[in-house]
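All chains are identified by letter, namely A, B, C and D, in their written order; residue positions are counted from 1 within each chain.
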Amino acid sequence: MIAVLKQGVSQAQLDHLKDWLSSRGLDVHISNGQYQTVIGLIGDTSRVDIDLLQGLDIVESVTRIIEPFKSANRKFHPDDTIIEVPGATIGGGHFALIAGPCSVESAEQITAVAQAVKASGASILRGGAFKPRTSPYDFQGLGVDGLELLAHAKESTGLPIITEIMNLSQLPYFENVDIIQVGARNMQNFDLLKELGHTGKPVLLKRGLANTMKELLMSAEYIMSGGNEQVILCERGIRTFETYTRNTLDLSAVPMLKELSHLPVVVDPSHATGLARLVEPMALAAVAAGADGLMIEVHNDPAHALCDGPQSLTPEQFDRVAGKVFKLREVLA
Amino acid sequence: MIAVLKQGVSQAQLDHLKDWLSSRGLDVHISNGQYQTVIGLIGDTSRVDIDLLQGLDIVESVTRIIEPFKSANRKFHPDDTIIEVPGATIGGGHFALIAGPCSVESAEQITAVAQAVKASGASILRGGAFKPRTSPYDFQGLGVDGLELLAHAKESTGLPIITEIMNLSQLPYFENVDIIQVGARNMQNFDLLKELGHTGKPVLLKRGLANTMKELLMSAEYIMSGGNEQVILCERGIRTFETYTRNTLDLSAVPMLKELSHLPVVVDPSHATGLARLVEPMALAAVAAGADGLMIEVHNDPAHALCDGPQSLTPEQFDRVAGKVFKLREVLA
Amino acid sequence: MIAVLKQGVSQAQLDHLKDWLSSRGLDVHISNGQYQTVIGLIGDTSRVDIDLLQGLDIVESVTRIIEPFKSANRKFHPDDTIIEVPGATIGGGHFALIAGPCSVESAEQITAVAQAVKASGASILRGGAFKPRTSPYDFQGLGVDGLELLAHAKESTGLPIITEIMNLSQLPYFENVDIIQVGARNMQNFDLLKELGHTGKPVLLKRGLANTMKELLMSAEYIMSGGNEQVILCERGIRTFETYTRNTLDLSAVPMLKELSHLPVVVDPSHATGLARLVEPMALAAVAAGADGLMIEVHNDPAHALCDGPQSLTPEQFDRVAGKVFKLREVLA
Amino acid sequence: MIAVLKQGVSQAQLDHLKDWLSSRGLDVHISNGQYQTVIGLIGDTSRVDIDLLQGLDIVESVTRIIEPFKSANRKFHPDDTIIEVPGATIGGGHFALIAGPCSVESAEQITAVAQAVKASGASILRGGAFKPRTSPYDFQGLGVDGLELLAHAKESTGLPIITEIMNLSQLPYFENVDIIQVGARNMQNFDLLKELGHTGKPVLLKRGLANTMKELLMSAEYIMSGGNEQVILCERGIRTFETYTRNTLDLSAVPMLKELSHLPVVVDPSHATGLARLVEPMALAAVAAGADGLMIEVHNDPAHALCDGPQSLTPEQFDRVAGKVFKLREVLA
């Protein structure tokens, strides 16, 4: 970590700062330039609060040399993390196709979709029971009933299930769930992340709409520092000024996150674009970029498509996309 | 609400859509242009899920005419909402200066700061007990102990207190708190918002880093639709590409939110800029833009300033800013 | 085009507006809702200045139904535009690999790179002669001399050439150039675009760092409305809050632009990411997303790599990427 | 300037880099951390191309310690720059109110507006002759005729005039113009900036929609390095995800730019918000934030307001705003 001091810092101020840093177990190297003094901090800087340092009157800027995430950092853990649930493996060359409806609506719906996506090659079933919605007047999900329907679909198809948690109090209901999803809006719900650090279940952590990759990795660090190292990162689009698509899918995050971290990275092209017709090209692009998995919305009843999210594929459309995805992976191997 | 259909929609598809909309209690007006058909929806469209509509195969785009927020909407409630707590009033021409440390650290610290800011004209004391931090390795706040210290400071100075809640389970500890703060990262923690809709306490709701004003108002709507209409909106900077400041303070949000809504709007220049030396100009600018209050970080111990957040003012600096703020308000009145 | 009027508009104001719109050749349909009046405009609204309308005291918001671009609009020109230069074809199923150094530096350099990339399958040679640099103290390119070196490389390899124009006065020197590039910073240099509308040469138009797809298409419209319909669109990353990559490559722009317009779309993964090691995954992802071409920086002298842009591949690295690109296109066909 | 090297760099690579840096006249200090090697560069680093360095295989990241702008840097020129034109002074405590119509439309219009804004206290007249418009189908300005009308208005009122230049070839027509404006879309039209560096006229440089303050200062540097040190910086809103306002006015840029640079900073609240009703609060906020001037759109004919930009004030509205602005400046003095 390097701190650049402002012009005109006194020796007393400098000594005071040096003592404070030393008391935190850091070695301090000072070099004086023509216009400014630069301080190099050596030691475990992940525990130094960069905001504190940056806020000092005598400091102009602070730059980290070593990333503040440790458990998630590939520098310290070069081998790929591999996540295993009964029936599916993600990471380290293993690819998982996660599919299912935005919301669980009924036993018929979730079972029919589960069977269809399994037949097309999906290895994990998704389905929302607790739904974060921008408006209090929109459908909020079936809640605990939805979790039960999901569990039935798991039983009848053998597919492991993933579903979103919205707050700590829901955790007891997630016993049957194979992978717990943390949504984009909860990526920095730190209390929830801490608690998930004490469960034994894999967590799929979605990147927040306005969060950097570094913040995503720091949130993974919250889970991992609690003892749970089974984290899957998920890119699902970030917020930009563009309006033709709902969000801007940042596919460069796939190779970049895989360079920075050993954790698997999956992509959700459905939520990123918000448009069913863009799911196929973006799914293929994600695979070409090196994603360890895809998460795709599928709904089974085109006749009542009015109740779909705008980005859902029909099982037939999904089957076509899945076929292309597997073909693409063969070529890239 | 207006939906533009794609070219080549069949009469059967159109009828199907019309029936579905009618079943939701909406009147439907159809007008055929040269290239496209446009549907106007009349009735209570706040309960129509715009994503559902937008996702339909036959729909090209959807535009709301009436904003989806109702309780927060000035169109339906033209008079300013005024929030009162013992010792302070916000909104409807009443101005409140909220000040205090980022984190409560000790009884001495919080009491000293409370006395100082009160002497300078602050009418509400802020202080963090539960702290949302990007890194799990950073100081997480004193928790329940911090709340107690805050309550003592309230008792000794008579200042009402505001502090941040991070999750539902903390609510029982907030009995002595006068205004509950929801932080930027929790602005779309919908379960938390719903619960706060059932308390009788005012809620200060901070705009998320990447949230639009409309989303801020929809989150206020979550609280208000539960029955709690005492919501204070807070602008604290949004995330942009600029790096010299931590965030970009969006002061146009002040007059814009006050036009859209009857709720009071306060500004937090400390977190927005992340730089103590920008607090004064931005505080004055916020007042000139029409803010109903300011929330400013103040820390009392310049000798150990290393433990401050980077944006904290000393009590002396705060006194100078407060003086200018009150002088400015007189002129603008 | 639909305009929503504010509450409380008088009949006189409404009549005045109606007359003004009619005088512009538009039919006007008025429908009165419970809270607001909505006006539908029918006719050639591409010539209506949306800002003028939006600025009226009595107007709350304006929405376009038909996009304001006409020549570039696929609705009016369903067939793909195909651009042909001697030795290369782009669009309508034809793919072009454009490669070469960021800057032309010497005869040896540009000829060596040209021969190398041709051998790897590139069909167009790129190389900068006039360089837009953020700092006046950075290398500004060889200028007219660079254009001559490029022409020699064209002669010796048979590859058509593309290079960037920075202002109108340079146009006379572009006689030997096959495709004129307009850089991201000049995407809204409207005088330059107008002039290029009168040349007979294809123009590759790069999306600006903070420009929407609609603005990109409006800039294409500037060129096309002058009579030159040979425009190639280029996605090269947009500016976001993310800092690990230089820009955020928006690959969803590929299928989206191809839906909105009949013009070919190429992707520049080198400038978008600013990191050589991300060029391969992003190039493959762009192809999987349906791009009609790629533009990749290649430099020939790894021993003096200090003079490369940070995103340049060596000829050997490029050869590997090109091989994978062609293999991928075969599978996707 | 500090460069962090990747892990595993060989001594030979390090020596090679050191030699290259030394050959550029820089002193090099090397310090080895546990995981990484850090290089400090001492000397005139404004001439080091950060992109080149960042692009090297062996470099992980580069950080500037001294800003790359020199002529514009307050560190090297602590005193405020003061710009003087006949009848107006900007900077160093002098404030200028710049007002006038978006476009010059006729002799009557520009003269009437000029007289009105002068009476309200404006000291500089603005008016567009060459207009950059997103659509080729929108009004493009009166061009040279507009410049003549502006010159007449200058003669009859004594107000100095400011108007926008769009390309180099227009420069000969700007002889009568007192301040040349470079619009947001041309902020990085480097050839234009270079040429303006050789004129003797003050230049008002608007910040681009997606440009950082550093880039704005680097563009000022282009003008100043040519010998013309009379540059006025103008904040006019940046592009964000927010849609209620046209752009997001970044008022923290006012104190920040004035800290970084000695150049005067003015604010354009009209273009930033795009809404006439937000001009007053944002103008007052800009003054409170310390702006050296304001640039406000005023149009004289409310009966034909349809031809105004959406953000124009009437002369009466402007008179009210001007009165408040001057009153506010008195209090803040």
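Everything that follows uses one rule, which is that contacts are C-beta pairs under 8 Å (C-beta built on N, C-alpha and C of every residue); 3 or more make two chains touch, one makes a residue touch a chain.
Predicted model only: the values in this text are computed from it and were never measured.
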Third chains touching both subunit D and subunit A: B, C
Please identify which chain has its centre, taken as the mean of its CA atoms, farthest from the centre of subunit D. A
Can you check how far apart subunit B and subunit D are, centre to centre, with Cα atoms defining each centre and the answer in Å? 31
Quick check: how many Å separate the C-alpha centres of subunit B and subunit C? 39
Take the average of all CA coordinates in subunit C, do the same for subunit D, and state the distance between these two points in whole angstrom. 26
For subunit C, give me the residues that contact two or more of the other chains. 210, 239-241, 243
Seen from subunit A, its contact residues with subunit C in the complex are 210, 212-214, 238, 240-245, 248-256, 259-260, 272-273, 277-278, 281-282, 284-290, 324, 327-328, 331-332
For subunit D, which residues are in contact with subunit C within the complex? 17, 20, 46-47, 49, 51-52, 54-57, 68, 132-140, 166-169, 185-186, 188-192, 194, 208-210, 215, 218, 221-222, 225, 239, 274, 276, 305-312
Please name which positions on subunit B make contact with subunit C in the complex. 2, 4, 7, 29, 31, 33-36, 38, 40, 42, 61, 63, 65-66, 75, 239-241, 243
